[in-house]
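Note that the chains take the letters A, B, C and D in the order they are written out, and that residue 1 is the start of every chain.
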Amino acid sequence: MPKRKELITGRKSFSFKRFFLQWEWLLVLAFIAVNIFDAAISPYFLDMNNILSSTMNFLDNAFIVLPMVFVIMLGEIDISVGSTVALSAVVMGVFYDKFHTPMWLAVLICLAVGALCGLFNGMIIVKFKEIAPMIVTLSTMTMYRGIAQIIIRDQSGGNFAPWFKFLSWGYLGSIPFILVVFAVAAVIFGLLLHKTNFGRRVYAIGNNEIASLYSGIQIGRIKLIIYTLTGFMSGVAALFLSSRMGSTRSDMATGYELNAIAMVVLGGVNIMGGRGRMIGAIIAVFIIGFLKYGLGLINMSSQVVLIVIGLLLAVSVALPNIKKSGGKQRKTEEA
Amino acid sequence: GCSGNKPVATENGTSSGKGTSASSNQVYAIIAKNTGNPYNQAETQGFQDAVKEFGGKSIVRAPEQPTAEGQITIINQLIAQKVASIAIASNDANALEPVLQKAMSAGIKVLSCDSAVNPASRMVHVDQADPVKIGQVEVQAMGKMMNYTGEFAILSATSTADNQNTWIKYMKEELKKPEYKKMRLVKIAYGDDLPDKSTSETEALLQSYPKLKGIISPTTVGIAAAAKVLSDKGLAGKVYLTGLGLPSQMITYIKSGVCPWMYLWNPIDIGYITGYVSKALVDGTITGKIGDTFTAGRLGKYTVTKAADGGTEVLLGPPYKFDKANIDRWAKVY
Amino acid sequence: MCDCVLQIRGMTKVFSGVKALDSVSFDLKAGEVHALMGENGAGKSTFIKVITGVYQPDGGVIILNGRQVQINNPKDAQKFGIAAIYQHVTCYPDLTVTENIFMDHLEVSPKTGRILWKRMHAKAADLLRHLSSEIDPKTLMSELSVAQQQIIEIAKAISTHANIIIMDEPTAALTKNESEDLYKITDQLRNSGASIIFISHRFEDFHRVADRVTILRDSQYIGTWGVNEISEEELIVAMVGREIKQMFPPKTAVAREEILRVKGLTKTGYFSDVSITVKRGEIVALTGLVGAGRTEICETLFGIMKPDKGEVYFENKKIRIVDPNTSMKLGIGYLPEDRQVQGLIMNWSIQKNITVSRLEMFSNRGWLRPDLERSKAEELASMVNVKAKSVNAPALSLSGGNQQKVIVAKLLLADLKLIILDEPTKGIDVGAKYAIYEIMDNLAAQGYGILMVSSELPEVLGMADRIVVIRRGRVSKTFSRRDATPEKVLEAAMPIETAALCQE
Amino acid sequence: MGKRTKNLGRFQRDWSRQVGLTLFIIAVSVAVDIRNPRFFSVVNLSDMISNTAILSILAIGMMIVIITAGIDLSIASTMALSGMVTALTVQANRGLSPMLALLIGLAVGVLCGGVISVFVVRFSVAPIIATLGFMNAYRGLTYLVSHSNWVGPGQMSNGFMMIARGKILGINNLVIIAMLLYLLAFYFLNYTRFGRQIYAVGSNAESAKVSGINTNHVLFTVYVIMGAFAGLAGVLWVSKFASAQGDTALGYEMNVIAACVLGGVSLRGGSGKLSGVLLGSLLLGILNDALPLIDVSPFWQSAIQGAIILVAVISNVFFKRRVEYKTLARRNI
């Protein structure tokens, strides 16, 4: 073997500028700004109870953001999640209402249906690589909601067991239960992405799927797991949404997919895959959630809110590139 | 009667009146089904008029899509603002129960209007018209138009719309009466309140049932789309159309005879009464139990009665009939 | 002065603190073929990209026909009559050959602006015939092999009527025959008055086509010589800065028991009835013309493709090949042909690239251990002698040879028994080549079985214990090291029709 | 002989998708006609084709965007905005000529597309994100300009409504407009420099840049074109349904994307054919028309529609794999 000629030991130099110019710090700043803004425009905002309880309005959707980070990290997309929420909630309702299963069993069924929907997406995407995931999930989006319609028709299900209401409406001490669950889930997903083999492989696939294949990464298996996980988390979202509404129907959770995608991207995850961090997406969830809540507290019309959120998304993603005239893409170094 | 008010542009935001009564410091909120719909626009306008009249502050809100999720978020925001009352035209009868109960336990008066929430989640409902009546008059109108013989169809909104389904249920009841025995309801189609889908559904009805003599469409988008198809195909006088429609949308078709007449109520008046019911609840004049009475400004005195769903309600009156004679005047209003 | 069409003075280019070009000067005479040589990372490609306006220099001047010019973008270069064939084929895979050739100067009717397809197809066919290629101008670029794509690139450069043509390692993907064709084309171009800059790591290229040679080393200009003024040894010294006595390391490994036996392996459309054996400590070369299907055979053994027929025995056990993961678990590793796409994650650091295929080695029940990862990556990177600031440097910033070394390091990490190397020295300089040969020999001595695909005959003859020649997807002949001569191997690789055609 | 097989190969490469789709369309049509013989009536077919016209127009624009490896989710909102602005203008001046109305819609569309272009090209925002943002913004703007009201037939001039209703030589105007646009687009994409540059940029943006194509210019134009098509379609939509609403065409972008993908436009960019896109639109148009006709329960409609799209794309994959395998097997190995 050749002798060691040059030792490669240089450490990555630490630069404060680079560290604080990271997208996540900008998000933190934006988050603080949103809170100051909210407090300034509405006297009702700076009430700890209000702030905490406002989280129940957007956290059910946020459960989907967590696995969506993985999906987008792969450079793919899943737009069937909203329909998966509806289908799993509806099935849960039917089992509880019609078949009189115990509530806990209905809950498990809800999660299982979500996971199955995701598994189905994953299987088709893995088996038929020629079809773009967007198209697969576009058709299952129509299909899953359609199945929900077949099952429940024009009815609404519900009348769930009393404890079920606790999921979205209950508190642990003064902290909403949903916030606690979300925090736990966020930590788990964050660790999974950044601290494990699995997460590293997801990054690899997102950066270069072909090289990942040649490196012996089991791409199909990883994708299958991620889509199933996405379905499962849609099932979780379905639980909390059903609890929030106390009932289920086939048209619930419309638009959840685009909300989730918007938060993931605002969080700095590159839509082409391979770049970004979990923490960014989580901060983005709270930025958008609190901004919407604050604007709601001053009773801003939902039409204006629509414009504000739309522009926020486009402008904030554009922001890092506005100064650079070369038009180079922002690069967030992944963990 | 007609309020004569023109719908004003500012749908949202608070507007305060100059009254001096106890109600003047109170904030009254109304939540419509969704934004961007002139019917909801007129309804909230009436509400704002009423609140202005008795000198309170009004908040008008609506989610951008007609979903229960959006309404729940708005109700949460209103609870945080400690409003005095919340009136809601609900997108789902049951889904709002948890949040509305939370509102009531926070001391907020809760009522529904136009589209009811279940009795457990409200104190009282303001009903635009008796659903039984609506079902009856539409079938009666259809019968008259098609001479009580032949095939007809219903073009509804989405298959999940609660009020549509209730009306259709009462239409079917009405059809059981002997005078309709030669009439046959061939199909209930769903246009999802989308112009394009309603159009192809109407075209499919005409294709599949060549002998079709009438269409009832109890939804504003559906009736307009159906009217457009019938008049484009020159079927005025051959296939009759009636249902619930907005005068401003339907004026052309009523004049051309595609839709000889149709029904609706005055959404401005619903909003207006809702405003006064809110006030009465906040003032303690009524509690929402049967027999309570109150005065609703220019519309006079109303009594709380029992509703079909087991709760209580305030009933505006019978649906209003629009035909060639009065359509011009109403088309300007909403 | 001189009759130079192009003069470069004091050219400097800095990439984030690293000087890729350090005050380089260069003269190109009219009608000459000027070879540009140097180790991997010497700055050759960067030099070319500065001339063609892809990069902007940080210092220095470009003098074209005696006039100082500014080349701001590739379009400018095109206007000045400079055309380039880049090291990595830059094509439009979804478009036809004609379009690939003519995209930047599509011919349109002057009156209506309508594209004249017929005219262009005909011209393209002409050009290709000129290059003695049979490619149909209407085929999609993605349907062509790498070598064929290279020919299209050349056609593209010729079609612009440029008088300065730059070729960055055009022969790297070509076999001997194809290289011969390229030499002829180069001669033709020179005779028609064009000046050519020709970058290559192959000495045959240099001897065959060049008039003069310029050497770059460590981003600096070393010197320019006429082709007859310098010997190969001197050239190597100039390039590497030290002497390399032999091209191939002495053989130390001895063949032991059989490790791989392939029987009748068939993949419809790619190869059929292929039987190969590899022993421990043995280097077996798969050679043949480009497009013969060697890569596909290797990829099938590695589990990228699924065979339709045939049996594979590994360590005397019959195995079923499922996917690369199972193959690697069994002990089969593969160094792919296209390092940028298949081998590396270009914007990842060297460290992460090295460890990605064996993450379980650096983790504890699935949890990553960055410290372990780093020390192992550093060890391996210095073992294969990767030139970089640190293992945190992105693969993207490495030169081709160093990128290849990183992939080799990646293979050394995995616990393998059989290593398949597809064109392991493609585009690699002499120094690095020798290092890779040493590694190969060393591995063989350690008992690895090695299956190597190569189009370079000297390499095949110099390194292999046995040579398997593939022709049109079938094993045409097998030679032992002793029996093989260049003529025999070439004959076995030649397509049968060509042989028949020659006789007519 | 060799030449023959080669040409056959090219035919398969270029037309297999179209042939497959046509067969699929025929199969669906025949199946529907068996259940309801009125399907193949002249009236129904002409209804169906004019209903599909707007979708097929939008699909042209979307195809061009997707060829550059982009996507535009904002088109439905652009349609709503342009339709609404035009309808409000018509409402204010009943005498406005229909031509002018179309131009207004076109202008609004171009403006909307231009803004998106700036974000995609100048600020390098991924197209899916930029257009997702402006999908919301334009929709909100539509509600604002209309003050949440609708413009109904009563407020429109007859001339305006005749844009979509009128006929030339017995063919509906919408169909004529769509056909003209297809011819125009065909020429543009296949016989102009710019058209080919669009494909080049989508196929490999890097080499396009290196070979001196102004990729920014190409991308910019592509979104403006899409905007123009959406603007135009918005006016046609409002004219056809005689109603301008805030929620006009809500969610329609997904139908358009589906039409493109069914037609073989690759989301990775670089490839796509007008003939495929036309067939893709037609398949969706047939589904929309046929499901109500065959009297399936309304509750089953969307499940069936989703399943059919899935089956169509999957069967295309099988078809393609089969073709590929056959070409491979024909190779002389």
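A few remarks follow.
As a working rule, contacts are C-beta pairs under 8 Å (C-beta built on N, C-alpha and C of every residue); 3 or more make two chains touch, one makes a residue touch a chain.
For each chain, UniProt lists the protein as follows: A = Autoinducer 2 import system permease protein LsrD; C = ABC transporter; D = Branched-chain amino acid transport system / permease component.
Since we're looking at a predicted model, the values are computed, not measured.
If you take chain B and chain D together, the chains in touch with both are A.
Chain centres computed from CA atoms place C at the largest separation from chain A.
Centre to centre, using the average C-alpha position, chain A and chain C are separated by 43 Å. Note: centroid distance chain A to chain B, computed from Cα atoms, is 37 Å.
With each centre defined as the average position of its C-alpha atoms, the distance from chain A to chain D rounds to 30 Å.
Annotation: 73 Å between the Cα-based centres of chain B and chain C.
Across the assembly, chain B contributes residues 11, 35-36, 64, 159 that each touch 2 or more other chains. Residue positions 139-140, 143, 148, 266, 299 of chain D each touch two or more of the other chains. Across the assembly, chain C contributes no residue that touches 2 or more other chains.
Every pair of chains meeting the contact definition is listed here: A-B, A-C, A-D, B-D, C-D. Only residues 7, 9, 11, 35-38, 40-41, 64, 159, 187-190, 194-197, 199-201, 203-205, 207-208, 210, 221, 224-225, 228, 232, 246, 248-253, 331 of chain B touch chain D when the two sit together in their complex.
By the touch criterion stated above, chain A contacts chain C in their complex at residues 1-2, 4-12, 195-198, 200-201, 204, 207-208, 210-218, 220, 274, 331.
Per the touch definition, chain C reaches chain A in the complex via residues 302, 304, 323-325, 327-328, 334, 336, 341-348, 350, 352, 356-357, 359-360, 363, 366-368, 378, 381-392, 410, 414, 435, 438-439, 442. Interface residues of chain B facing chain A in the complex, by the touch rule stated above, are 11-14, 35-36, 59-65, 67-70, 72-74, 76-77, 80-82, 92-99, 102, 158-161, 165. Partner chain B is touched in their complex by these residues of chain A: 42, 44, 47, 50, 53-54, 56-58, 149, 153-154, 156, 158-159, 165, 168-169, 241, 243-247, 249-255, 292-293, 296-297, 299-303, 305-306.
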